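What follows is a pair of complexes built around chain A, which joins chain B in one and chain C in the other.
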Partner chain A sequence: MPFRLGWRGFRGAIDVLFLAPLTLYILGLTLWPVLSTMALSFQDRRSGSFPTLANYQAVVEHFEFWDALYNTLFISVVGLSLELCLGLVMALCLSVPFRGRGVARALMLIPLGVPTIVSAANMRYIFGTVGYLNETLHQLGLLEIPIDWTSGGARTLMAVVAADLWKVTPLVMLILLAGLESIPGELYEAAVTDGAGAWQRFRYVTLPLLKPAITAALIIRGIDAFRIFALPLTLVGRSTPVLSTYTYFEYVDYQNPYTSAASATILLVMILATTIAYLQIAGTEEVIS
Partner chain B sequence: MRPLTYLAMSAMAAFLLIPVYLMVKISISVPGEVFTQHPTLLIHDVTLDHWRQIVTGGMLWPPLKKSLTVATATALLALALSAPAAYVIARMPRGWKYTTLLILFFTRMFPEVGIALPMAIRFIEWGLFDTNLGLTLAHLVRTLPITAWILVGSFEAIPREIEEAAGVDGAGHGRTLLRVILPLALPGLTVAALFAWLLSWEEFTFAVYLSLASRTLPLQVYYYVYQGNWFLTATYTTIITIPVLILTYALQRYLKAGTLAGAIK
Partner chain C sequence: MTKTHQRKRLPAHRNPIQALLGLLLAWTVACPGLLVAAERTLTVTMRLDESEWRVMRAEILPRFEKECQCTVVPRDVPPEQLAQLLQAMARAGRMEIDVFAQDNMRLLELVSIGVVQDLSAYESRIAPQVSKVLLETGRIQGRLYFFPYRPNVQIAYYNAQRFERYGLSPPGTWEELLHVARVFKEKEGVGRVLFQAWGGAPTVTQVYEWITSAGGDPLVLTHPGTVKTFRFLQELWPYLSPDSRQAKWDTTNQFLAQESAYLAQNWPFGVRLLIQEYGKTAIKTYSGWAGPARKAHVIGGEVLGIPVGTPNVPLALDFLRFMQSKGIQELLTVRLGWPSLRTDAHGRVEAWMRPYFKAVTEALTHGIVRKNLPYWPEYEKLVNEAFVRTVVRGEAVEGTLHALQARLERVQGRY
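Take a look at the complex of A and B:
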């Protein structure tokens, strides 16, 4: 008996020892940087006085910030909607057996095997002035003078959305496909017996049971859409800032860590607020499972 | 329905394949075929000039070495830091485990530009800026939650009874861990290490904040994109992509929604 107790006590100490490295790392190199970014954002650039809203004032008076905010929201909302629709269609196509399904599934994995920075570089071959999109439109007789798709404006936003769509739709599709495959087939048989048509089966069986997968996809993708960085930086650069690239330009191009910290904090609050609000509505268990 | 499905699938396949095809094509094309008013979609003249320029011009090894070093160090350190914790988390009561995993998930919500900013400032003071060690420390930030997540899953799958049986047979705690648990967790550890390696290999944000002279491969791509050199860009991107594609297909059956939470970006 004393042996057993001793063993347990030993085990408790071991547990703490085992958890310590990861905990300290996350506290020191994730939480601490985030908190010091927040602190920095409330510190005055010249006098160092704290707290001050001067950095936030400078940011909101900067027209580029509003551009960045609008662009981030546009890319997130339009991108997420398209990804979800396209991902759902692809998942539905792949959930029924057909000849060549294995090949189709393997093809779907390609964008997951291409790093974001690479996909951004690739998209420049398509959206550049002498790119393949212009050439295709020209061959179809739709375009006379070549367009630079990455020079700013609505078409540049759509180019970013399209590039992002290429990279992440397969991920959304995989999450939704896993959700579809977890729906028991008997439910569909029962629905058929009850005389439900294809649309009714989709509307009253598939969609409600797919809700956890949709929630997971929306949250995972929503966070990444708000934080989008490498793709817009590489594909469109300064012409179309998003919040992350704006934060980067403030630090690297304007040498101002204070306003950079302020815009990073705004981005963080946006992400936290949106995610928590969504989890409140949809419930948390669904994301973890 | 059938023909429609095939049509949709063919369109999808073209959409997915074309950017990758163009990358490989441009890396082996002569400039005249690409930089023209009317670039051609098919490959007419093959040239290995761009590959030769990179491989024999001494422009490949420095960034490749940095990327390999940082990715390998990240993978090993990620295991060392997260495996012990994951083992304990996997043995926690359900509520605790759930909360811990949720906290790990929440760290994914911090924008990386917000983490990288104070890191860059401090690392300059500490002499870690533009070093392999500094970048490895930063890459662990995005890697650890994922490896911990994967490893909790694989430790959970090892039945507690095996451990207890080893204890009854007189094996001490340390020996049970080393001789019983570790071999059983080996596949999970391998998968976690490979994911960590991938996440570091393709990482861009921390690299761009924390490097100046010594570039990783993704930074090299960014640099050549801004030089406007499509051919060198295409060649570098092909080099980066090859291991990622191979590992993605090798790991595809582990691509569960949970691990996907942050593994692929």
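Take a look at the complex of A and C:
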């Protein structure tokens, strides 16, 4: 009896056909390299034996790894908090109708279009010892001796946070603005009718309804913050390593793809763990809704 | 009658396209050698700055093309990417590079991954006038894998105007260096002497040089000379420029140009950049300072190698010989101020460049060849750790170096 493909079977075959390129793309260029890197991290450099934890041991014994871990967490937590606050303020300002709002919105989005490496190079002109920031402070009479912003320590971390803030806050603002505009105006009218003030409207209407947007912004930016690479590499170099630059230096400077893979895997686990933990706390429905 | 019709009816010998094809066919039959020669292509990778590329493209490579009737395709490949690139091409069975120039401090990785040809059989082709010391930089475990073509040493750059302002002379010893660093810090409130403390190769090259000049053994971290060096660096650190943590071979030029640093060691490529491009004529050079035991300058520079799998080995060997020839070495000296690797090449450098060239030549007389160690990346990592922990963070020198020496011995034991 000849095989006859029914309509549903035909639809299924078409679906598979259309999904195949993207699936192959994701598997081949994303999942496979990630799994290969993970496998490499468990392989011994000299003997090739598998599995081994020697690379992880080498990484955690290296003093710069702990610096990199701390710096990554610091930049992620502090940077993300500031981005969220600043992004929310900007979004609230831009959600109110005013003359020139379109222009203001477009201007706010300019940093998003600047390549990270370009913004990092510009930031070097600002934060260098003979940079614009020191010069401005000097002209204002606030500074006698130039401050060394990029040679390590808390100041350098804050310089990275500030530089990152300029670049990525517009993205957070954009997500929150979309969230704000999806809140029905009737809710505010009802709140006003009930006698709610501005703060109460923000606290009991805006914030709860903005939670899905905040969650999306936190996850998107959180993952990005952990992966921060070009900015610290260009702005502060090796004086303030983060996990991604540490991974890069292991591979390029010390020519060790195995320890590099181990630190990359640690970074991946951190990102996954944080995302899962946040979704557990905030609830997946907040993102889906 | 239309023009199209007229064209169609032209006799074959009057049709320009047919005539051109006929001419090409006749030329091919008459000069097959020329046609074959024109197809010979040699792909050469180097890492040069813009001014160096200009000379290489306009004056050096065309000479070789003319001499060997071939086409040279130059490619810029950073030294840190070369090994991966060659390995990928070798694995793919498609070697697209015929000759590469590589930093002589990154040779071992190429040999260890098996992407470079053993050139020992061709050693007799090297002219006797080529410096024997430089030849050794290309020899690994008794086999000659690389031909030298460009020797290099770090020299000291100083801002003569700033030195004069404070009545200082360029330091010739460690004590004088410390004095100069202190005076700048006292006078300006911020350190103006730069040490390349970025980490990685720039830092380790300087530390290696300083340990040798203190009479130490760079490969023994507990050697008295090594301990002395780290102690001195620890003492010097508070007076150094804060930009030191950002200083490496490229950024050092930037700090000198911006006048955030007045004294720094670096490779001579900065001369052309600082003087010619930035017009910083106040920046002068000299060979540098001596340590407590001697003066020492790590011989850097580049060597040429031929990758495994290239089909153009004879032409590649011709290129190696060409780059070592007297004429080319003299041209490189005259046009770029590169010191020659030959004892018989005495190109006269441009007038403005002479003092700088003198500094390089003088430094070369104190040249030391860094050992090609199979565990160099791990060694580099440990020295870097020693530097950060003792010099930057101020940990006790002896204790730290003893702990790191134990780790170094474990590494050495594996090889």
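In this section, the second predicted complex is superposed on the first by the 271 of 289 C-alpha atoms of A that agree within 3 Å, B and C clash if a C-alpha of one lies under 4 Å from a C-alpha of the other, contacts with A are read in each partner's own complex, and residues count from 1 in each chain.
Methods note: a residue touches a chain if its C-beta (ideal position, glycine included) is under 8 Å from a C-beta of that chain, and two chains touch if they have at least 3 such contacts.
All of these numbers come straight from a predicted model, not from anything done at the bench.
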Partner chain in contact with A:256 - chain B first, chain C second, else both or neither: second
Which of chain B and chain C A:238 touches, first, second, both or neither: second
First, second, both or neither for A:49, with chain B first and chain C second: neither
Chain B versus chain C as contact partner of A:81, first or second or both or neither: neither
First (chain B), second (chain C), both or neither touched by A:151: second
Touching partner for A:248 - first (chain B), second (chain C), both, neither: first
Touched partner set for A:130, first chain B, second chain C, both or neither: both
Dominant contact partner of chain A by residue count, chain C or chain B: B
Chain B versus chain C as contact partner of A:57, first or second or both or neither: neither
Contacts of A:122 with chain B and chain C, given as first, second, both or neither: first
Intersection of chain A interface sets (partners chain B, chain C): 130, 146, 237
Touching residues (chain side chain A, partner chain C) in the complex: 46, 62-64, 128-130, 144-146, 148, 150-152, 236-239, 249, 252-256
Contact set on chain A toward chain B in their complex: 7, 10-11, 14-15, 17-19, 21-23, 25-26, 29-34, 36-37, 40, 89-90, 93, 96, 98, 100, 104, 106-126, 130-132, 135, 138, 146, 166, 170-171, 174-175, 178-179, 213, 216, 220, 223-224, 226-227, 229-230, 233-234, 237, 243-244, 247-248, 251, 257, 260-261, 264-265, 267-268, 271-272, 275, 284, 287-289
Contacting residues of chain C [partner chain A, same complex]: 80, 83, 109, 189-190, 198-201, 241-246, 248, 258-260, 377-378, 380-381, 385, 388-389, 392, 414
Residues on chain B engaged by chain A in the complex (per definition of touch): 2, 5-6, 8-9, 12-13, 15-20, 22-23, 26, 34-39, 41, 80-82, 84-89, 98, 101-102, 104-105, 107-121, 137-138, 140-141, 144-145, 148, 167, 173, 201-202, 204-205, 208-209, 218, 221-222, 225-226, 230, 233-234, 237, 240-241, 244-249, 252, 255-258, 260-262, 264-265
